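Here come two complexes built around chain A, the first alongside chain B, the second alongside chain C.
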Partner chain A sequence: MAGSNTAVKEALKAHPAPSSVSSQEVHKWLQDFTWEFKSNRTKYPTKYNMDNNTREQFKLTAKEYARMESVKEERQYGTLLDGLSRLDAGNKIAPQWGEIMKLVANFLETGEYGAISGSALLWDSAQSPEQKNGYLAQVIDEVRHVNQTAYVNYYFGKHYYDPAGHTNMRQLRAINPLYPGVKRSFGEGFLAGDPVESSINLQLVGEACFTNPLIVSITEWAAANGDEITPTVFLSIETDELRHMANGYQTIVSIVNDPEAMKYLQTDLDNAFWTQHKFLTPFIGAALEYGSKYKVEPWAKSWNRWVYEDWAGIWLGRLAQFGIKSPACLGDAKQDAVWGHHDLMLLAYALWPLTGIRVSLPSTEDMAWFERHYPGWYDHYGKIYEEWKALGFEDPNSGFLGAIWMMQNGHGIFVDHTSSLPFCPTLAKSAVRPSFLESNGKRYAFSEPHGERMWLQEPERYEFVNFFEQFEGRELSELIQSAGGVRSDGKTLMAQPHVNTTGLWTLDDIKKINLTIPDPMKILNWQPTQ
Partner chain B sequence: MPKQNWYRSEIRDEWFDKISALKSLDEGVAALKAFRAEHLGPNRTSQDLKKESNWIESRMEMRVAQLHSEQTKSDADLLEKTIDGRPAGAVCETYLARMAEIECPIAMNELCIEFRKACKPPMMPINYFMPTERELVSKLLKLRAPTYLSTPIEELRKMRGVTMISVQ
Partner chain C sequence: MSQMQTFVRGFADPQRQAEIQALVPAEPLESKRDHIPFAKRGWRRLTEYEAVMLHAQNSLDAVPGSQEIGESVQKWPGGRAAFSIESTALISSNWFHFRDPARRWFMPYVKAKNEEGSTTERFLKAWVENGDYRMLNEDWVYKILGPTYSAFIYNEYGLFNAHSSTVHTGLSDLLKTYIALSGFDKNDAAQMIQTERVLLAKNFPGFDPSLAEGKAQWMSSPTWAPARSFVETVWGDTYDWCEQLWAIHCIYDEIFGQFVRREFFQRVASIHGDTLTPWIQSQANLYHQQAVDASKALFFKMLQDEEPVYSVHNKRYLLAWTDRWLPRTGAALRAFLAVYHDLPVTLDGVTCRAGVQASVERVVDDWVTRFAGPLGYRFDRDAFINDIMSGY
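Entry: the complex of A and B
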């Protein structure tokens, strides 16, 4: 056999088979099949003119793209379905991490879903055939990512020892007070408004800035906590993100030669950064540090390296030649990076029955780690958690709920109207500078002036109904039940305030608390201040 | 229209019955105009139906579009005229002419809201509504962006007529 192979090789060497046309030639040829742009203007309102001659960096044809992606799919699903299943990887995960992935994978699925629309509206808006090609490839990528993130929940649902929540987080997120923040940044931010602003939200900030800490850091933390599933999927996703970051850069390149664009670009960049930061900075930090047993690098340090130095310094530095500056809100964001995730997690603990996951208060070991990396953490947050634990935070017979403790102690919870996230003005250590106002018969809360400015400038854009407005007057156990937040016995909650297998809370335990959802913007004695 | 059972609220049921009772186009158009003025957009005069207003509006639009198509025999009328029989192109021109005179973002914002409430389908065919709204909103975006970050927040509050409040 070896002899015949040699003969074939020698014959081919002497008479080479005709080679195909190179893929770059095919790409160039395909660009001739283009559209008549004079009569094909985008249907979306925009301030910008995208240059008809913008190039695309990757120059992929559909055939090359499909070949590349199919290899990635084979590696990813092959690893999950064969190697990791045989190793029982789903059951070697620290419970805290298995729980937080119920939220992370599901929330990210929303982002990928929004990104399908965002890159599609950019395809519609671009005038250059090459630029359209880049956005089109991203649309297909995002479809792939929706499937992948959903598959993480599906895989955990099959292999992780506590599937409740992985199985139906799409349903449970309807009552999760944190989820509207996802809709604002990943939904509205990625696919509404000016298409170039959407590109900045999605590609220049969401992908170029935050996928490094989100998708790369999270794989490191996952692996440290025994999770081999998340790195397998998320790193496969991240290989596509490079192309998307390049799309974001090309969006900027396509408009910067128009002097008019410079009147608008800095505003869109500042707003997009604040929109993405408001959710991503506290959420990723909380997921990593409070969803883990084994700690890696403090979130504030990761944030500083990826967001402050790499993105705001180096990445935006490349755009400085066009007059782009780092966002003016970067200083406040830096303060949030240290304390925002601790503030958000305090509220997640306070509202745990609505999260759909099993949360656990920081252990003594965790507290020491927090205090070491965030000096002052214990006096501010640690003492509260110790008090809550003593009052029966974990005990289903205690009737204790953090949210009620906060209200009784004068720590009101409000929803920031622009970011859609809850905040507590009296317990926040992040860059919270609250304001409350009344307009046209309705009261609004804002956690800081950047968001208030966005609402004042674009009130028609922020029409959202917040958690308190939506569920005002509903009794808590009834609300949880109606959202599908119980296990297969019909009474034990999916969410729990610990990761033990005994002492599980049921609907009856919540009913005993007797909490009817109030709307703080209605029940408190609000009066004009000027 | 059959009632949907996967999500029910008393408010939806009440409006479902009101919408089903609309029997003429004139009646439907008047009801839709009144509803949009009272319950939609940042200048709504009532916040009472905020949770359900988008759903109610969509059902009213469906009913009015149905009455319109039943009453209108000509494709040309459906594609070229507003629901009350005016040439859609001419109506759009009046808004675009007003747009050309405006340089204040707040005034432009008001014009965009006015156009949307008056002309959003089925009040006007989508082939006229959408390109005109794109022009109007593009101008609004251009007028807003240059001073978006630099206008003092106190000035913005004054421009929007808000009242600062606190808990007493």
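Entry: the complex of A and C
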């Protein structure tokens, strides 16, 4: 080593003319790249005042960014296409996990796609060139992440033993009752609204709060279940997320010196947290615990560490000096972290033909694990699953469908109008406090007061036709077929209520059930049964 | 006894893997592995470029070509949807029909840019250590690469910023990708000029790497005034994202940008012993070429040639937009020609009137070949060129 240092010194002595330019030597001039002019204003104005002199922490130039990212890409795709392909990694994954990744990869893709536009919104809004540069890097990162999450589905589609669903989830999701919830939080929540509000949704909550539990936890559970594909991609995604969290922090830094900011900031933070939590908390928990054969850390515990302690405590604690407090809805969110994913999965089981994946009811071992970590789980959920299994949940000849059982037993499924997610007031153990409101002759369901308040304040932002309204009157098998939910034999469903290789449901099995999609708001006279 | 569990890796642990294998079917459950089989391919086979992006957009079904059924579930205050077809006057029967001819997605894009960066690093090293900088005419360095070259940074940087709202608003996934990468390239082009200027400051005593002189020129010199006006208008005052892209890549950068980069900085640099500037600008020219190819795919192939319903409508708008932006582009170039009077070295055939006119004719004729001709845009070429040359 000493020898090489000497050689470098001698070389520098022999060639004194500086012959290189570091990226930092270029970046330090970035703040001077802009100029003032009359219409130099954002096309997407924010109600906040973003400081024109805000700096950005990572200070990357375009070429330096490409150098760093290129190395990561080579490692990632090299691992996938060389190492993991030769090791036949696609066929070493527990089936429950290989199935849930059909949804996880695609739903995350939706979030990453929304983040392209959300970051572009911020690039447009910021006036500081360094800040613009940071947001630009995030725009390109998000293009990367869409490509990566899509590549997970693409790779599974090529190498996993059941490609159906991995290959066409971009089509199947159109009829998935869970998907509008993704669109709400991960899609439009990142890009449709005040730019700073979008930043809070995307960077301060989506990334700073939920990236760790989303990406880190999923990679751990994936590895436990034989999946080395997902960690290869997701951990590479995670290496970009730090810069995005820093972007979120700098967004806040750029506005907090304006006393006017506090008029809106706490409300925007509270709304953003609830928006993101409402989907991410139950979805990640359901994916991890119900999409796995081998369990790792209970979701409620991971959530408590990453969301409650790390984000709400430490991360927001750093912003306390500016007067920012933890969201008021954090208590309800904590209750949701224990029960929300069980509630959501109950509905996913009930509506399984529309999910596009093979789901499997908890095994005896699973049930013991759930009861051990969530005392009271068995009496509430376990007994239902045992009854469903006895009634022929898995059997294509049974004519049984969980959704019909729920309706017959007075358990209406409604769509929460703010989060766009389905909920069942009578079977929920999470922080559900339903209300049913009327506006302009139409009735709306709300699962809790936080979302209801958001709707009351800005009802025009949540005007949409929900799943039941959209497909009311459509026969179930016909709906599945029209969304591409049938395998190449033209009859077997892509979705199945088990992960066995025999006893697969076909369109005819669904047709025999003769279920026409109802609108529960009508058949139950817009009120839940008690 | 400790309750701590040891993490078991399912892939590598023999017992767990044996349990998993017992659940893996002997034959795949599905034989069809075609990715996004519902999507229309742009080439004979689905490319990775399409596989990783096409139909990723979860748009509402009001955007023609979308796979979605339904609408956006969170709207802007006031009720406007996230992706709105009214964001542009152009109409498509399928906004997802666009394909970038260069098939750029993230991986090949950053790989190429990294290669450009690495090659540049090595070139700069050799350029300095071989003493190439000694060939440079010092007046060129201090009078042109000082203020004029840095003023051009503002041109590139302004055009970069004009891409932010177009990325946000672009109506489909592969469109957003092309727009985002084109914007990123413009930012890179601005930074590469500054990279060169920092290197010059290390080798030429008294060369000021700051942008002070350049900004002063950009803000107050008549040489740049129409260019600045163009950039400010297309960045700050133009709300139709297709119009922005057409004005930037298909008119202004094709005529003014190509002239400044290629005909002035690359060509004239050589008579001043400058081998560095042409190298740096060659990357920006590549980025422009890629943006042109993609823009032609959008405005001609997708919105006219293969547009079954609205091609006439679209053409009418492109003609009108050309009427709006071409004179401003001509004015920018006319004003810029004043820079030839500041040149330390002149050379017949290059910097004389005939030489400059040949340069102007090249960029205008290139534009006619690539854009005006295919569009059917009629204008008085000679009068346009004469008007530009009046600035010489």
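As a convention for this text, the second predicted complex is superposed on the first by the 500 of 530 C-alpha atoms of A that agree within 3 Å, B and C clash if a C-alpha of one lies under 4 Å from a C-alpha of the other, contacts with A are read in each partner's own complex, and residues count from 1 in each chain.
Please note the rule applied: a residue touches a chain if its C-beta (ideal position, glycine included) is under 8 Å from a C-beta of that chain, and two chains touch if they have at least 3 such contacts.
None of the values given here were measured: they were computed from a predicted structure.
For the composite obtained by superposing both complexes on chain A, the positions of chain B and chain C are free of clash and fit together. By the document's definition of touching, both partners, chain B and chain C, reach A:Glu460.
Of the two partner chains placed by the overlay, only chain B lies in contact with A:Glu452; chain C stays clear of it.
Of the two partner chains, neither chain B nor chain C is touched by A:Gln481. Once the two complexes are laid over each other on the shared chain, residue contacts for A:Lys263 go to chain B alone; chain C is not touched.
Of the two partner chains placed by the overlay, only chain B lies in contact with A:Pro45; chain C stays clear of it.
In the superposition on chain A, contact is made by A:Lys293 with chain C only, not with chain B. Legend: residue contacts after superposition of the two complexes on their common chain; A:Thr501 is shown touching chain C, with no touch to chain B. After superposition on the shared chain, chain A has more residues touched by C, the comparison being chain B against chain C. In the superposed pair of complexes, A:Ser435 makes contact with chain B only, with no contact to chain C. When the two structures are aligned on the shared chain, A:Trp123 is found in touch with chain C, with no touch to chain B. Minimum Cα separation between chain B and chain C in the superposed model: 5 Å.
Overlap of the chain B and chain C contact sets on chain A: residues 43-44, 194, 458, 460, 463, 465, 470.
By the touch rule above, chain A contacts chain C in their complex via residues 15, 17-21, 25-26, 29-30, 32-35, 37-41, 43-44, 61-67, 69-70, 73-74, 77, 87, 89, 91-95, 109-110, 113-114, 116-117, 120-121, 123-124, 129, 132-133, 136, 139-140, 143-144, 146-148, 150-151, 153-154, 157-158, 161-164, 167-168, 170-171, 173-175, 179-180, 182-184, 187-189, 191-194, 220, 223-228, 293-294, 296, 420, 458, 460-465, 470, 484, 487-488, 494, 499, 501. Partner chain A is touched in their complex by these residues of chain B: 41-44, 46-47, 50-51, 109, 112-113, 130-131, 133-138, 140-142, 144-146, 148-149, 153, 156-157, 159-168. On the side of chain A, the complex with chain B involves touching residues 42-47, 194, 263-264, 266-268, 270-271, 328, 412, 435-443, 449, 452-453, 456-460, 463, 465, 469-470, 524-530.
Those residues of chain C whose C-beta lies close enough to touch chain A in the complex are 7-11, 16-17, 19-21, 23-25, 28-38, 48, 51-53, 55-58, 67-82, 105-107, 110-111, 113-114, 116-118, 120-121, 124-125, 127-129, 131, 133, 153-154, 157, 160-161, 164-165, 167-169, 173, 176-177, 180-181, 183-185, 187-188, 190-192, 194-195, 198-199, 202-203, 209-212, 215, 218-219, 228, 232-233, 235-237, 239.
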